[in-house]
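Here it is: the structure, laid out below.
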Amino acid sequence: MRFIPQTEEDVRQMLATIGTGSVEELFAEVPAALRLDRPLRLPPARSEAELLAELGRLARLNATAETHRMFLGGGAYNHFIPAAVDHLISRSEFYTAYTPYQPEISQGTLQAIYEFQTLICQLTGMDVANASMYDGASACAEAVLMATRATKRSRVLLARSLHPDYRATVATYCRYLDFELVEIEFDETGRTDLSVLAGELNERCAALVLGYPNFFGVIEDLAAASHLTTACGARLIAAVQEPLALGLLKPPAELGADIVVGEGQSFGLPLAFGGPYLGFFAARSQDLRNLPGRLVGETLDSKGQRGFVLTLATREQHIRREKATSNICSNQGLCALAAAIYLALLGRRGLRETAEQNLAKAAYARAKIEALSDFSLPFSGPVFNEFVVEGTIKAVDLLRRVQVQGILGGIPLVRWYPQMSNRFLVCVTEQNRREDIDALCAALAGGAL
Amino acid sequence: LNEKLLFEHSDKGRKGYSLPALDVPPAHLPAELVREDIRGFPELSELDVVRHFTRLSTWNYGIDTGFYPLGSCTMKYNPKVNEVACRLPGFAGVHPHTPEELSQGALELMFQLQEDLAEISGFPAVTLQPGAGAHGELAGMLMIRAWHEARGNRRTKVLIPDTAHGTNPATATLCGYQVVSVASDGVLRAAAVAELMDEEVAALMVTNPNTLGLFESEIAEICRIVHDRGGLVYCDGANLNALMGISRPGDAGIDVMHFNLHKTFATPHGGGGPGAGPVGVTAELAPFLPVPVVVRHADGFRLDFDAPHSIGTMKGFYGHFGVLVRAFAYIRSMGPEGLRRATDMAVLNANYVRARLEGVFHLPYATRSLHEVVFSDRRLGGGCRTLDLAKRLIDYGFHPPTVYFPLVVAGAIMIEPTESESLESLDEFCEAMLAVAREAEEQPELLKQAPQCTRLGRLDETRAARQPRLRWEKT
Amino acid sequence: MRFIPQTEEDVRQMLATIGTGSVEELFAEVPAALRLDRPLRLPPARSEAELLAELGRLARLNATAETHRMFLGGGAYNHFIPAAVDHLISRSEFYTAYTPYQPEISQGTLQAIYEFQTLICQLTGMDVANASMYDGASACAEAVLMATRATKRSRVLLARSLHPDYRATVATYCRYLDFELVEIEFDETGRTDLSVLAGELNERCAALVLGYPNFFGVIEDLAAASHLTTACGARLIAAVQEPLALGLLKPPAELGADIVVGEGQSFGLPLAFGGPYLGFFAARSQDLRNLPGRLVGETLDSKGQRGFVLTLATREQHIRREKATSNICSNQGLCALAAAIYLALLGRRGLRETAEQNLAKAAYARAKIEALSDFSLPFSGPVFNEFVVEGTIKAVDLLRRVQVQGILGGIPLVRWYPQMSNRFLVCVTEQNRREDIDALCAALAGGAL
Amino acid sequence: LNEKLLFEHSDKGRKGYSLPALDVPPAHLPAELVREDIRGFPELSELDVVRHFTRLSTWNYGIDTGFYPLGSCTMKYNPKVNEVACRLPGFAGVHPHTPEELSQGALELMFQLQEDLAEISGFPAVTLQPGAGAHGELAGMLMIRAWHEARGNRRTKVLIPDTAHGTNPATATLCGYQVVSVASDGVLRAAAVAELMDEEVAALMVTNPNTLGLFESEIAEICRIVHDRGGLVYCDGANLNALMGISRPGDAGIDVMHFNLHKTFATPHGGGGPGAGPVGVTAELAPFLPVPVVVRHADGFRLDFDAPHSIGTMKGFYGHFGVLVRAFAYIRSMGPEGLRRATDMAVLNANYVRARLEGVFHLPYATRSLHEVVFSDRRLGGGCRTLDLAKRLIDYGFHPPTVYFPLVVAGAIMIEPTESESLESLDEFCEAMLAVAREAEEQPELLKQAPQCTRLGRLDETRAARQPRLRWEKT
């Protein structure tokens, strides 16, 4: 076994030191009735070559942007990842380390996370960001919990245009916490209906959660929503499912958001069938001691040099136990590192230009699809890099026809919005060339016949 | 050498990226939606960025750097081939919204992993969705509550032994439960549980082997007691590395258990994550699993969202797939004999370290250890505490053990060597521990001023908490 | 430009410090007549994504063991490379370092090369090995040059069964050095004809070079050759084109070889269309100061600790200039590192077992091919993992038919041995499964019709 | 921390590999052919090996670690995407004996690279075969001799300036030539060449810009002189980074030049190799190129072995293909403007360092520098020499410049920053150089006892040469 170093001679010597006759005896405390009396029924050990052959077979069964023209978004985005990202996160000092509990030998992780926190603050405009959470959906749930803690209120409004996974995750987290979850309808712009919202907001409301952009790719009017939430003392939570948009859109803080959460996958993480991704969580200073998750802070060492440590741990479960602000006790360290590297590589100009390319390509695709006879764009609100298309037949059937031509043309919306059986969500990124978009349009036109 | 922050390096106009030329007309958003430039955002060349993070990495300590006996964390070797496997284009590049017929490889892998974990643990049903151990705990405790609610029997309390991880009580609270602590004498006694177990107790949360590295030898009896009074038993699976092929929690009467793939199944810890926290449950609890689970049909594998009793979804999509690939690769590489051998050698290694150190270090519990051993600082000389020992070990080139946990041992020193370490490594570590113990007697200042061999000296954690500076700002 | 950091403001500031008005002026010493008065005619800069797309297109045009069943050897072998090898040589401290001229910050490279030298000594049984050379063929040429230096003789015998590239490279290196190169025929065993050899050896002979195994995969009788060379004072050079054989075969030193050179590609290096590979060069102590190439030696530092340095540099061209033992001034550092890692991973047992699998699979294939009606094995000598097959039609045509079935069945020998138009060389390694071999046999049988 | 040798770690029975089960009957060689076990050979687990080489790596200094101003070596940034490119399965996995129709991608890449190098250098024909610069020199000088021989005109001598790399005379010797050294005054003078040039001189070998970083401004005139007397001119292309898009050696009258892809074209140096040393030649010399060259036919690309005048083959197969892929990727990433900008900025960087240091360090040649600048230790105080300065720079976190080369400058300090370095890096380096110069005056022992910040102190090279220990042996 190449991962287990003990030789038989080692085992003999160690048993002698321990003073037992066999390894078996070391398990004396496990009652016989609880002992498994047979080998595990698992396939036999594979050599490295066999393993790669088997996994290669499975991997080749999956469609990717290398095998198909891909227009899938909906919370996970096909962006280019510079080679330097993977090179750096593959440094074993980063990826084989544990949580940086011993700061003197963890300054690499700690400084990188501190930089990540800063980058998230810069992007969102918020005062403080934590060291990351599992993903956008769970970060959104944590934001709702924090808002209820901070406001001591229990009514939570969720936009129905918010990503369905985010809504579902909030519901799971709140399942047994006696909260009132209310969904707020959207209007023909694809944005949350502000008049409905105004009617549902009251002094029992802890929070309103809006997507920014929302699940339809539409940019919600945060500023207007903020006027309403501020008036009744509720927290406005902006949930960003496509953070590349922040390269171009006004930062949520500037528009009045109180908490900004979101999904960081777009920043250098592979699609990987949905994970591991990167939840980010940013808030205003007022909420500092209510934050869930880890925080890295600056301090000094015994010689007065700058250094970084995990801090404000008194919020956390290993100290506070049942009074902790969350049960989370890890972060997505390596994913946050990847995001920091990605953002550092793109930098000020690159992030903007990449966002502008996404915007331009999506606009080109929208215009071209809108011009097709059997298609329309049901929502009129401004979009970034994805948008809803309505056809004349069931989207599921249409997209299957498009798929046969090597195109993953979009996501049918019917699973989450039963009345939208002819609608689907199309995403266009900097990875889609004009010819890909043209091919999609041709396939849609053909498929609709 | 020092390394500035990214933001301090930046120079207006530098860039480290490249985009293809735009092949469609530019587009514009309404001006009121568009932000200003991001003040202070980095501007660096590719080399600047590479050098920055390469330097940062050298201030970190990983398993590949040296021995990492962090108790309760199972810092075993992370095989390199697994890193290759999860980066195969067909795994790294598959979008979660890909139609099922075009993601059969991903679904088959997940299905097989569900089956493997079921066999290893003795639980018939498994969800791969939770993103970490604590997330798995939350899913598991929500299922327990859902089960009670489905029976119209709300219940209000959860019993948790005093040796438990802090996430256990935090999770119970998040499920709306009140936490009742159970005292143990190292091992949890059936009698102690019986005394506290009543009709208001929804569940007992145990860890087995517990955080003292001791097998909960009364677990079967405890499960009976809890079940008899209508409760369920949750097992924190953090220490499964001590049991593979030896004993299956599902066979002992446990109802729900989470796995830490990043501990037992060798996926890298990544400096804090991502991990993965699948959960196994009994057949009775299976209807409550989060959605979706992967099921096999005649025509292939599918994501099943149709589960009316499900607690819902724990996060976006289906789990930390990239982590699942690595764990699957590990299980296939090991085979049944390999997993059993891993457990055997993990336990042998822990007992060897115990045998070599117990004459010098205070051992609060004399019960036979499994995969880890907990000492205390009681016998440490020169007024030195556990923290001093830990920092001094850094100077010897070792990552310190887990310290001050479990809370039931004052000044705990919790050592988990894992099976990955050779006798040679263990000996070097034991020599260092013994040398530090001698230094504590003879030159305690060596411990108190440690570490000396790192770029930074001991860091002021109090200052960080009192004057929080959580982000860089231009000064 | 992501690889060039200077901003326009930097340039202005630097020019001011230098005291020139423009970058242009810095080239004042380049006469106008020599200035290129137009931009270079090269394709425009590609983004990273475009570059990968273009290279991906080219890469997919090539056949590999992933796309074909591969039975090609002939000096380059399809062996499995454990993932740990690439992980470790991808540590930038290794691959972005230069030659270890500053030993205090190069101990990583130096210790690894010292270990490589030791591993080569252990494998070959020789006293000393250098830090590596370009490849097996050029190492062979350097061995011939060393033998002539050491013996002060000028007649060199090359087995005609020696790899043709090795013979050609020796010829190129010796082209203007007034040496007499003589080729020695092989016999029906596929080994060098010892009676012909005896007739050609005389006291003018500097060296005899034999393949071990030779180009036909046959294991030459080094011991017998050594008796003859020793008698006349010539150096016996063993040239190892498939070093995995040394996991099983007697070390050349034990059989009387004076110099052992060879190709290290089998030890963890990708096929990569022929390079970069790894020449190794080992000799007896008597030749120490005649060795070409770099050497790493052990020494002590100022505090008496063990350390490693480049040593015996007085043989080399940066000191000796025209009197150097060779003009080589680099080694295949990273390739030698890969080989050291590969050998450390396989270790004592792994190397042997891998060699045994190669032997067994080749034996299985030989027996099966020999049983086919239209095929025979022309050479009777013992082989390791490759062997010559003779068919009844032109090998080039036969192999093209086999290739259509997704099998790279072997290497036609006619290019180097014009009389062998129906013969080809088949290699079988641990990477070929029994079903691959069976498929080859079926395709050969079908193709010969 | 120290790290033992592989052999000192080993433990009988450990292994770090895995093989599939043998699926054919075992076979045996005649016993007299089979060796004994290899005594002392390593036996380690995968983690042992990974940790060993990871630790070794941390004692190395690479470009990603920091500034590496090694003169004449062009230590520019090695782009990460190139490492990905050469590992694409279709490149890494293609066997050199693959039929041409199944290796068109490899052949097309090589053909395009030949064309690119021809355009950059001004030589119409290029071979990619040589494995390194010195190997390219050998190929080039063999072609020169073959050309003379083909004209029935043997000739016996080669002129080499005193500033040349040591490989130049070593190569000339290997081609059977006698070396005649030509004195220069920093720049090679046409008059000096004219004086030595006669009918016995086969060639002049020059480096341009030369190893002092100075452009050979009389090169056109020199080429005319050599050509007029029937000789050829070889150019060592090590310093091509100073000329891309500025001036093409082929246009200046040079006949043969090698490229160092691992310098000018950003392929990694690998701790000593592999590099690649393609050679460009004039049309007249093209028939003598090594075989094979890649040619384009109507039906695709082919390896052409049919060259009766060829000097033969320089090594196995066709060149360091994996290195060629990286260089090709670099050229495509840069484009024509990028290469020109690289040269501009390399020269700007060198002149900036020169401007900042020349008041303090002695500058033996006042001519305008191109991509590198050579100082000497003449003004260094406290009896310190170049070596002391170099070792002290290590303590400041920098790789030292090239030292004691070129030989024409006593105590030479040869600095080549390359275009990859930012102004910030250059300033930090210049500050360190100036600080060390001050230390030499004030505390010379700091230089003489340097380095202090490395794991090992200054190494005894004399001892290594006097008592050679070139391999480990069991003691």
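Letters A, B, C and D mark the chains as written, and numbering starts fresh at 1 in each.
The rule is simple: a contact is a pair of C-beta atoms (placed from the backbone, for glycine too) under 8 Å apart; a residue touches a chain by one contact, two chains touch by 3 or more.
The UniProt protein names, listed by chain, are A, C = Probable glycine dehydrogenase (decarboxylating) subunit 1.
For clarity, every value in this text was computed on a predicted model and none was experimentally measured.
Set side by side, the interfaces C-D and A-D show unequal numbers of C-beta pairs in contact, with more at C-D. Centroids built from CA atoms put subunit D at 20 Å from subunit C.
Subunit B and subunit C have centres, each the mean of its CA atoms, that are 46 Å apart. A straight line joining the Cα centres of subunit A and subunit C is 48 Å long. Shared interface positions of subunit D, defined as residues touching 2 or more other chains, are 11, 14-20, 44-48, 50, 54, 58, 63-65, 77, 79-81, 83-84, 333, 420-423.
Across the assembly, subunit C contributes 1-5, 10, 45-46, 48-49, 56, 66, 82-84, 87, 90-92, 345, 430 as residues in contact with two or more other chains.
Viewed as a network of touching protein chains, the structure reduces to a complete graph with every chain in contact with every other. Subunit C makes touch with subunit A in their complex at residues 2, 48-49, 56, 66, 80, 82-83, 87, 90-92, 345, 430-431.
Contact residues on subunit A toward subunit D in their complex (touch as defined above): 1-5, 7-10, 45-50, 82-84, 87, 92.
Interface residues of subunit D, counted against subunit B in their complex, comprise 1, 9, 11, 14, 18, 45-48, 50-51, 54-55, 58, 63-66, 77, 79-80, 333, 397, 420-424.
The residues of subunit D lying in touch with subunit A in their complex are 11-20, 44-48, 50, 54, 79-81, 83-84.
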